[in-house]
Amino acid sequence: MEQGYKVILGVIGSDCHVVGNRILDRALSDAGIKVVNLGVMVSQEEFVTAAVGEGADAILVSSIYGHGEIDCAGMRERCEERGAGDIVLYAGGNLVIGKKDWKEVEALFLDMGYDRVFRPSVNLAEMIAGLRRDIDLRRVPQLGHNSAAFDTGAPFLDAR
Amino acid sequence: MTPEIANTRLSDDAFAAERRGVLQSWPTGAAVDFGAGVARQQSLPESKRFSAALAQAHAEGRTLLQPRAGVALLREHTALMNGLSPHCDLLPTTVDAYTRLNRYEDAQTGIDRSRAVGTSLLNGFPAVNHGVDGCATLVDAVDKPIQVRHGTPDARLLAEITLSAGFSSYEGGGISYNIPYAKTVPLQDSIRHWQYCDRLVGRYEEHGIRINREPFGPLTGTLVPPFVSHVVAIVEGLLALEQGVRCLTLGYGQAGNMVQDIAAMRSLRKLAHHYFQDAGYDDYALSTVFHQWMGGFPEDEAQATAVICLGALAARQARVTKIIVKTPHEASGVPTLEANIAGLRATRQMVNMIADQARPDSADIAEEAEIIEAEVHAVMRRIYRLGRGDVAQGIVLAFEQGVMDVPFAPAQANAGSLIPVRDNRGAVRIFDPGNVPLPKDVLAFHRDKIGERAASEGREASFDMVVDDVRAISASKLIGRPAA
Amino acid sequence: MTPEIANTRLSDDAFAAERRGVLQSWPTGAAVDFGAGVARQQSLPESKRFSAALAQAHAEGRTLLQPRAGVALLREHTALMNGLSPHCDLLPTTVDAYTRLNRYEDAQTGIDRSRAVGTSLLNGFPAVNHGVDGCATLVDAVDKPIQVRHGTPDARLLAEITLSAGFSSYEGGGISYNIPYAKTVPLQDSIRHWQYCDRLVGRYEEHGIRINREPFGPLTGTLVPPFVSHVVAIVEGLLALEQGVRCLTLGYGQAGNMVQDIAAMRSLRKLAHHYFQDAGYDDYALSTVFHQWMGGFPEDEAQATAVICLGALAARQARVTKIIVKTPHEASGVPTLEANIAGLRATRQMVNMIADQARPDSADIAEEAEIIEAEVHAVMRRIYRLGRGDVAQGIVLAFEQGVMDVPFAPAQANAGSLIPVRDNRGAVRIFDPGNVPLPKDVLAFHRDKIGERAASEGREASFDMVVDDVRAISASKLIGRPAA
Amino acid sequence: MEQGYKVILGVIGSDCHVVGNRILDRALSDAGIKVVNLGVMVSQEEFVTAAVGEGADAILVSSIYGHGEIDCAGMRERCEERGAGDIVLYAGGNLVIGKKDWKEVEALFLDMGYDRVFRPSVNLAEMIAGLRRDIDLRRVPQLGHNSAAFDTGAPFLDAR
């Protein structure tokens, strides 16, 4: 039953913002999750290759600089191509250009195939708790014993 | 291994040869002609010359305001500039992140998709793609001096295009546009590419056209100790002067503690003159720029405005020449015109209210300035030693060995062993110097200051404390104290 | 003619007799019962006691935030308080202007019409009309200490009702709620009526209930020299202490020059203790309140927020106990809940960012404090002399003779001969002292400072300069310089 | 032709805000207009009595404290009752409670019979120029030689 959690972490595209990445790394590691941190300026290819190579449970994509809408599209398909179509896929940061309505941004990324989408003000402890549950659910897809917690979408993961 | 770089002026031949390659690296390079660029610059009215505006502000003791802004399309960008112009003194043109990495095809995709959806999908203005004509149209359409602001390790083509189109100031440098902005670019490459940019500016200078050059002061904007950014500013200043640049604006990003911020600006001017004159230069114009808080902002707009106001206050109290102004949208995303105007108006109001008030001076400020100076001297000494007198070689080796070390930098060229943390008054101190050769007494000073905080919080200083500090301003504090 | 007033404690009999009249002056007075009021106050949790919050903040060196707010109807007002509560430390209840002038029938019209149109047509909460029960419902519904803030020359019934309903702090005073707020009320009348209010508070104190009293510091909010408001604060403090008040908060309205503002807060504490102890009191609790800019605001909300931020900064640097917070709507009208929250958030962010930073100290501040102290001593000396030792008589005569004089006051009891103007650094100086007996060297100091400004502007000091100063902050400046 | 201008100035109702009143007094006087300044807390009765008694050309009512909507209503009627129905009637200040849409506020006061309505940011020089013209127009109501200037309403009188 005691199974580890391993995630791929990185900042996608031409994005150099590393501070949040370091903090996510720290928070995930402190919570006992194994982190493979690819750092900044990571291509989709690098993310998926690492995920497959490391047998990771999830990919956590950051996009901070605003090109997320361009950089993040197609990631789920690429995972599928490499046989990891089922992997937990999160995206977070300042995902689009400008101060946009969050519901629209969230919908945009859910549409792209991300399982959950996070704004900068996300509460990391809650996010990590949810991450564990999401991974658990994928592991025993039939069981779904605590899936009720997820029916309402992800607002409780967000500080605001 | 000795880096293949030296702080010597690029020869005309070497420059010319290199230039051909640069201009061929993307189709819009073909339109660049140096003579035409000089002619165009000569034709600009004084009111559009960056160097003139800075010189006048310096002479009158005024503080100029400049926003950041850039969108994908020319027409929208022009409208944005003209919307900002009444509220600021100097115009920017912030370049998008693809262009910064010379990914002009991606930039083109961004332009095309932006056109299609009717809103900018790029985080800046792709100046290379818009080319000399596009940029010249922009310069013609605005009524203030306008500068290129970016974050480009190899900014040679961008410089050729924008300067020949009439931009009269160019931000960046081989260190400050690599360490915080890139991941795998070797430092000697970016320095070499910036020698090209500086040489280009030097050539304009030789043709009677003064282009302002501004090393990027704040680096990663995250707990950067003043000496770290000062060393970068001074070294980039020296590199620029060597290539013939004569109008320099050195910068610093607000750290948050007012005593330290004022001391930092004061020591920056003093140290720069010291090193520039030691190196034999005396015919340059020096001005300063203060960046309002460059770390994570609070999401709430009123709180963000308070952060902006504290920056405006410290900047004016330090009598800087220019302030780079943030906006209440900072935490959320590229600001709208309105948000940008709000930041400028708040800043202007604050600057105006305190403009004529006494310039703060105190024993604390003097002490803080002395610490910074001791730190800069110690590191500069080692840089010169490492480079055997050559500052370009020295700085490359210094980064290699962690003698220079920027906190929270993404670049592999950076050691990342220096760890900063705030003290009990919020000043940025050195928790772990890594390999940076700071004097013993200075380190003891930092240790004591951190010790005060640790005692007052009843916890050991640690990386957790650093993380708390990084997130503090967003959480409405300067210092990341444990929850009460 | 000797005024019929003396600074002596009202006798129980006199108080009782007067009380009957007060409670009969409007129907809601009938519900007031002192014993019930004491019982109700006793039943309040510590978390709703103003005096406790102030004492704790004072002990911990924290600065509390309090907004201003009041609307016509009870339900709306309660909702407003509960909307503000998470963002502040202390709650207000700003009373409408009809109630302030005891025009309860007009207040009723305002209530009725507000009900009819569904939006508040009153500029505050008509507490008398809502009566003890209404006010008690309000106090019960909120979770923080709550204060009555008004501007009422005769506030006896308002005090009876609100204190017996559980408000634990009461703003105002016989001078500060007359001179800036009234036109024809004789000063001795308002002082006498405030002796009643203070005596009422004293009686609560004698029954073990500590009610905080806060003289209104900023007066007209318009170029008020610090010594003027200090004298009023000290005299009202003395009058209150005599009636048995034991918890005092003395206030000051930001003048805009940081050195002067910090010196003013520092000298206020010192001078108050001096005069209170000289008068034989030593068992009182003293705290301070700083009012963010009380003059005309800029209309633009970002600019207004900058004004708010400068106030927050000066207040925290002066280590005041409490800040009265303005809003970005200030220039336009009674703020919405949202605007009020924005003011509080900006203030909180600024206070938090500088909370632990060094407290500024400099020779300028010390000099400025000395000037203020010399001025206050000179005027207080004359007040005591005029009153032959009685400060109540003295202050009435002082106003009569222009020995005390508040700039821009509407009251006929005020001479209006003292004319203030800003100096070249923005500090408020005395252009014409009128009949105020300031020491010669102090006047020379002011004259020199004004002279510096006149020289730098190339114009004589005059009333035009004063008018320019009055309008300056709204026009984004502190000092009203001639257009360049 | 050279005829003087005389105006009644005051702050209506229970309003104590005197600073703007002093500045208006100064600006009008400096412009050569005779000002009868009633100061603060002036009732409608006092305004009209002064206007009739002084033979004034205009009444300039300030309301700053927010009760303008209540205090200012009925003023035109009171002028009419006293035979001064034709007098130029201006109102200005923070006329209503809260930050309201200016167009609505203006309409409200124009409806009450005020000839022009001003916000705090009014440019006083322009206001005074307009005041002279308004008074001139009343004096020679048939001429209307420069009435065109007034066709578009009063926006030019306002700084914003």
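For reference, chains read A, B, C and D in written order, and residue numbers begin at 1 within each chain.
Quick note on the criterion: contacts are C-beta pairs under 8 Å (C-beta built on N, C-alpha and C of every residue); 3 or more make two chains touch, one makes a residue touch a chain.
It should be emphasised that the depicted structure is a prediction, and the values quoted were computed from it without experimental measurement.
Q: Quick one: subunit A and subunit D, Cα centre-to-centre, how many Å?
A: Spacing between the chain centres: roughly 64 Å.
Q: Just the number, please: Cα centre separation of subunit A and subunit C in whole Å.
A: Chain centres of subunit A and subunit C, defined by C-alpha means, are spaced 54 Å apart.
Q: Measuring from the mean C-alpha position of subunit C to the mean C-alpha position of subunit D, what distance in angstrom results?
A: Here the centre of subunit D sits 32 Å away from the centre of subunit C.
Q: Please work out the Cα centroid separation of subunit B and subunit C, and write it as a whole number of Å.
A: Each chain reduced to its C-alpha mean, subunit B and subunit C end up 46 Å apart.
Q: Two or more other chains touching the same residue: where does that happen in subunit C?
A: In subunit C, no residue touches at least two other chains, as defined above.
Q: Using the touch definition from the top, which residues of subunit A touch two or more other chains?
A: none
Q: If you connect every pair of chains that touch, what shape comes out? Choose line, ring, star, complete or other.
A: Shape of the chain contacts: a line, open at both ends.
Q: Any two chains that touch count here, so list every such pair.
A: In this structure, the chains touch in these pairs: A-B, B-C, C-D.
Q: So in the complex, which bits of subunit D are touching subunit C?
A: Counting only subunit D, the residues touching subunit C are 13-19, 22-23, 26, 39-41, 65-67, 69-70, 94, 96-100, 120-121, 160.
Q: Using the touch definition up top, name the residues of subunit C that touch subunit D in the complex.
A: My answer: residues 97-98, 100-101, 103, 106, 109-110, 113, 119-123, 151, 180-184, 220, 222, 295-296, 299, 329, 331-336, 339, 408-410, 463, 467, 470-471, 474.
Q: Which stretch or stretches of subunit B touch subunit C in the complex?
A: It comes out as residues 256-259, 298, 300-303, 305-307, 309-310, 312-313, 328, 341-343, 345-350, 352-358, 360-362, 364, 424-426, 473, 476-479.
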